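Contents: one structure, followed by commentary.
Order of writing sets the chain letters: A, B, C, D and E. Residues in each chain are counted from 1.
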Amino acid sequence: MIRLENVNKTFRGRDGTAVEALRDISLDIAAGEFVAIVGASGCGKSTLLRLVAGLVPTSSGQVMLDNAPVTEPRTDTAMVFQAATLLPWADVLRNVTFPIRLMHQHDTKTDDKARALLATAGLSGFETKLPRELSGGMQQRVAICRALLQEPRVLLMDEPFGALDALTREEMSLELLRLWSARKMAVIFVTHSISEAILLADRVVVMSPRPGRIADIINIALPRPRSFEQEGTEEFQRCAARIRALIFKGRDANAA
Amino acid sequence: MIRLENVNKTFRGRDGTAVEALRDISLDIAAGEFVAIVGASGCGKSTLLRLVAGLVPTSSGQVMLDNAPVTEPRTDTAMVFQAATLLPWADVLRNVTFPIRLMHQHDTKTDDKARALLATAGLSGFETKLPRELSGGMQQRVAICRALLQEPRVLLMDEPFGALDALTREEMSLELLRLWSARKMAVIFVTHSISEAILLADRVVVMSPRPGRIADIINIALPRPRSFEQEGTEEFQRCAARIRALIFKGRDANAA
Amino acid sequence: PARAQDRVLLLLDWIPTGEHAAYFSGVARGAWRENGIELSLARGYGSGDTVAKVAAGVAPFGVADISAVLAARARQNAPVRSIMQVYSHSPHSMFVLRSSGITSFQQLDGKRIAITPGNSHRLYFPEVARRVGINPERIQWVNTDASAMAALMITKRVEAAPFFAIHHYYQNKAARRAGEEIVVLPFVETGFAIYATTLMTTDEVIQRNPDLVRRFLRGAASAMTWANENQEQACRLHVQRNPEVELDDCQGSLRSTMSYVFNDHQRQTGLGRQAPDRMNFTWQQVASSLELAPGWNYSQAIDLSFLP
Amino acid sequence: MQPDRKARLIASLPAWGATIALLLIWEISVHVFQIREFILPAPSAIWEACVSAWPNLLRHTLATLGTVLMGFFASVIISLPLAMLIASSPTTSAAIYPLLVITQSIPKVALAPILIVALGANEMPRIIVTFLVAFFPLVVSSVAGLLAVPPELIELGRACRAGRFQELLRIRLPFAVPFVFGGLKVAAALSVVGAVVAEFVGADAGLGYLIQTSMAFFRTPLAFGAVVMLALMGIVLFQAVALTERLLFPWSSSVEGTTTATS
Amino acid sequence: MQPDRKARLIASLPAWGATIALLLIWEISVHVFQIREFILPAPSAIWEACVSAWPNLLRHTLATLGTVLMGFFASVIISLPLAMLIASSPTTSAAIYPLLVITQSIPKVALAPILIVALGANEMPRIIVTFLVAFFPLVVSSVAGLLAVPPELIELGRACRAGRFQELLRIRLPFAVPFVFGGLKVAAALSVVGAVVAEFVGADAGLGYLIQTSMAFFRTPLAFGAVVMLALMGIVLFQAVALTERLLFPWSSSVEGTTTATS
């Protein structure tokens, strides 16, 4: 469904220097597949998501979605940004329904659906608050609800649980998995938590920094439905060790 | 050194409803102590830091620092905000030196110190970049460097490693511990990672939500210097289990 | 009467003051209506502007200084003509304070005089100076805004300020309140007698509807004659239409105005007509002050043949 | 609401204080320095002149108010789409901006005869002149607001497939609201002076006309009365815009509120 | 730099195109509709008048330029501190703003006699009038910029113990730079028309003076030539401000750059 072919991305900074964010990325993602991306800070994870979302063009290579090149954002793709990025003037409910309204897919049930989603994210009673009246984690949850309400075929999530505590994170993870298995969308999930990546994904893409490349892709053979009890299994520990090794190898390779 | 006495904080929202963020918080922190705060999203952790920083007034009760009530920010207190909060028009180096310049403590060595700090945070070569040219994790590291450069006596950190991958997070944790033991400042460290809290802190304050209260305070008896190998120790696992229980109990109590 | 009424607009040369009471009272009393014309009046923004607008067809008739008509025709070939000479000489004057001790033009030698840019007084002054034998080069002109001219004089920042004598009445009233009195030195006293305000129209109106021109002038003559003989009543009618004007101000300036229309010269030439020598002198003065070609035949800008 | 209104009342006290102080200083210095009436009449003299010419003054005030309002609304109706057009692309901006600068740097009186000849001696030229005086700051501040949107929000809009137009309408415009209202406040004040300029150029009624006639007849106190009416009209319009902002876009004015409340 | 300059050249093409198209339409319609010279002279007639009166025109242009620049700098010097004062507290804002609105809604010509009598018929009243015409939009947009700073940055400043003044100088002011420059552009254009208004009020040289005298002498093409010089002056000043912004505050103008570059 999603196919990246030898994608390169170089940014030209304002101070004149060029930063090579991604080098030679090739990746295939099937419909309904859940792929996690891990890697050191600055290795190009967000850039990769932006490319798939059609928000920035590649420097070379191509991003294909349903066999058509991605040149601009699509209605069936939803993105959770790394920062919550809420509209400061709109209340929580309007923020969540914003994309739907923008795409004129708003109907009488939209508000109810949005309320239900907010409730599963533990935000009942905050529908009429403004973003600046929320805590950091609450803002992030609003952003997640916004993406989920779009019922996309491709869901791109950039460290969506970064500002959440262990408890909320677990709850949101399970809710995400439930929605994913019900709707069978393709998910690309950037995270800095190795265990989160393993618990959620079918495959984990490990990236190495400077320039961002794919170090390896790990298949997670844990049975579904997943639960946090699986953290103790041998397969989990094997995958975790493998990913840790890849990431920490990056350090040594870099230092060399 | 820092003493909170029966502190309460209630926000009055724009929609007219009041949110009780903190209720009856009492806490004593000694000079040079490292205290971590964990708790569910929205339980008032950021609000607590803001109170200690003197950025918002209490609704009732008092925050004392060196036996004087805190009514406004102090020069010897530095804060890392939950969002990076960089000046969009200034490059990385100027962002890091901004507080020092503002407080007229800038001298010829400041820039060199700032560069050295940025290097330990893995940001060498990015001194002349603008914030919007950095990845999320890089921005967060700049914000941490900014606070550390102030060499404060009280360091308030609000989920400073939230956007960092496992590797960078470990490196930054160790660097923080190194600086802390060298300078012996008091640190209040908000995190959503239980293991991070245990690895770093002398005591972990566990908060429960709605309204935010102190559920319990856990003493961490692990010897210093700390290292990630200690994660395997029995003391670590005992503390982790205790904290998990407290947090997850909050869920049940809330549901009831 | 049963005659169809022509709707006609007359553009004045400036805001309606007592100077225009003849027109307003004439309209109120039906001086034009009995000539088959339904006349309306609109304020003007200076003679030049009125001439331009009449030439552009905004209105068929206008009240404008003859110099503006001559200049527009000579310089820009605007098809405009004066059709009635209203003022037989110009009200150009110098105002001075009695307390300044100045009583004649000779005493203005080397003095400071307030002026506005493009003011015709400044253009004509050299001739006046020549006539009284002072050097116009020695005058210090102080450029300012029209509304500040009198203020500068009464605060004694300048010794004199040029105005039309018609405005003396209310200006002096204001000066009295400030404990001063204004003395008028009319240019005409030095023998500087040039024609001034006229009624004017365009060639097109004359060609298309000569009868309208004739009827319009008949109404104008009757309105002026009546206003001259019934000044107080004329002003009452004027003030009714123009509440900004106070009755005594109106009478003050109408009295003065009428002395420019009905006087010995008018009795010699007839109302609205010109004497060739004075017109000749007028052209010389206008041509030299506005830098027009002196050889140009000014009679093409004048057509007094429709006067009653 | 109640304490809000009280706070606003208290906030308006310094303005009243300043005004009253100014009037007192004015009245006293006129008497002490014996300033001539036709240069600067005392407030008391202005008051008397206004009272005695009241019906007339009212008539002219209403005439001007009509022009002001129509010119102001013309500014709003034309400026906002124009600002969006300018903000929508550097090309249109490069083509339109210089033309707008020209309309600003040439004196409006130079245009008046053309307008009157082209459009006739009716209300139209006055509205156009008022518009020309008032609209430019509104355009500039609206454009500034539309372009000041943080890039993240623009990216959010693009991710939601907002077209150029939707981006303008749903993201840039709401963000620009405080700036648009800043511009509207200037436009309100300038509409008043614009209407007077227009009346200097072509009108038989209105406060501009009254000022001219009163000055011509040396009734300076009445002329100043007209000026005072203009000032009042400016303040009332300005406050009306501010009130509209508070009522329709509470979050907009609250931006001020929060930042100043941190003190 | 090189491709940048080229891009800017290309960006300026529509402006030139628009100007040339406008001139052509103007010239042609004057001939086709036989518009009288004293209402609207053709560009060719204006050009001839300008050429034949060139040294004189240049002299008047320089005189006006002097007034414009002094008035503009007066606006800058006074508006920025004023804006900071207004932005610094709701109290000062409530006290000062209405007074500023008054200065805007009263016609400047009404002030002429007072200024001239009080200060004499010299350069001073002209600079004051220019200033009064130009400064208000600058104040309003600077205030809008100073108050638009996101609350997080204000909190950062407070955490660094920035006082009111430092907060203004080190956080609000840099943030407001794009808005200040928006205001400066308006002020530049308005300074030009302000200087002309000032010259109508009292001057023996300058383009305003030239317009009045040319009109009095029925030299309409020359008067329009003066108007064209004014328009040119406005555009040059406007572009000078824009250039200064690009040179001194590249990040400010780049805000436009990035947002428009997303297209």
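As a working rule, contacts are C-beta pairs under 8 Å (C-beta built on N, C-alpha and C of every residue); 3 or more make two chains touch, one makes a residue touch a chain.
For clarity, every value in this text was computed on a predicted model and none was experimentally measured.
*Asks:* Considering only chains that satisfy the touch condition with chain C, which of them also satisfy it with chain D?
*Replies:* Touching chain C as well as chain D, we find E.
*Asks:* Give me the step distance from chain A to chain D, shortest route via touching chains only.
*Replies:* When the steps are counted carefully, the minimum from chain A to chain D is 1.
*Asks:* Going by the contact definition above, tell me which chain pair has the most C-beta pairs touching.
*Replies:* Looking across every pairing, the one with the most contacts is D-E.
*Asks:* Need the CA-centroid distance for the pair chain A / chain C, whole Å please.
*Replies:* Measuring from centre to centre gives 85 Å for this pair.
*Asks:* Between chain B and chain E, what is the gap in Å from one C-alpha centre to the other?
*Replies:* 49
*Asks:* Got the chain A residues that touch at least 2 other chains?
*Replies:* Those would be 14, 83, 130, 132.
*Asks:* Taking each residue of chain E in turn, which ones touch at least two of the other chains?
*Replies:* Answer for chain E, listing residues that touch two or more other chains: 39, 109, 113, 117, 151, 155, 158, 200, 258.
*Asks:* Indicate the residues of chain C shared as contacts by at least two other chains.
*Replies:* 52, 56, 147, 151, 155, in rising order.
*Asks:* Of all residues in chain B, which touch chain A in the complex?
*Replies:* Per the stated touch rule, the residues are 11, 13-15, 19, 38-42, 45-46, 82-83, 91, 122, 128-130, 133-138, 141, 158-159, 162-169, 192-194, 244, 247-248, 250-251.
*Asks:* If we count contacts the way the header does, which residues on chain E are in touch with chain B in the complex?
*Replies:* Residues 152-153, 155-162, 166, 170-171, 174-175, 177, 251-252, 258.
*Asks:* Using the touch definition up top, name the residues of chain C that touch chain D in the complex.
*Replies:* 14-17, 42-43, 45, 49, 52-53, 56-58, 147, 150-151, 154-155, 167, 170-171, 173-174, 177-178, 243-246, 249
*Asks:* Quick one: which bits of chain B touch chain E in the complex? Just the residue numbers, please.
*Replies:* 53, 55, 72-75, 77-79, 81, 83, 85, 87-90, 98-99, 101-103, 130, 132
*Asks:* Can you list the chain D residues touching chain C in their complex?
*Replies:* Chain D reaches chain C through residues 36-39, 56, 113, 116-117, 120-121, 201-204, 209-210, 212-220.
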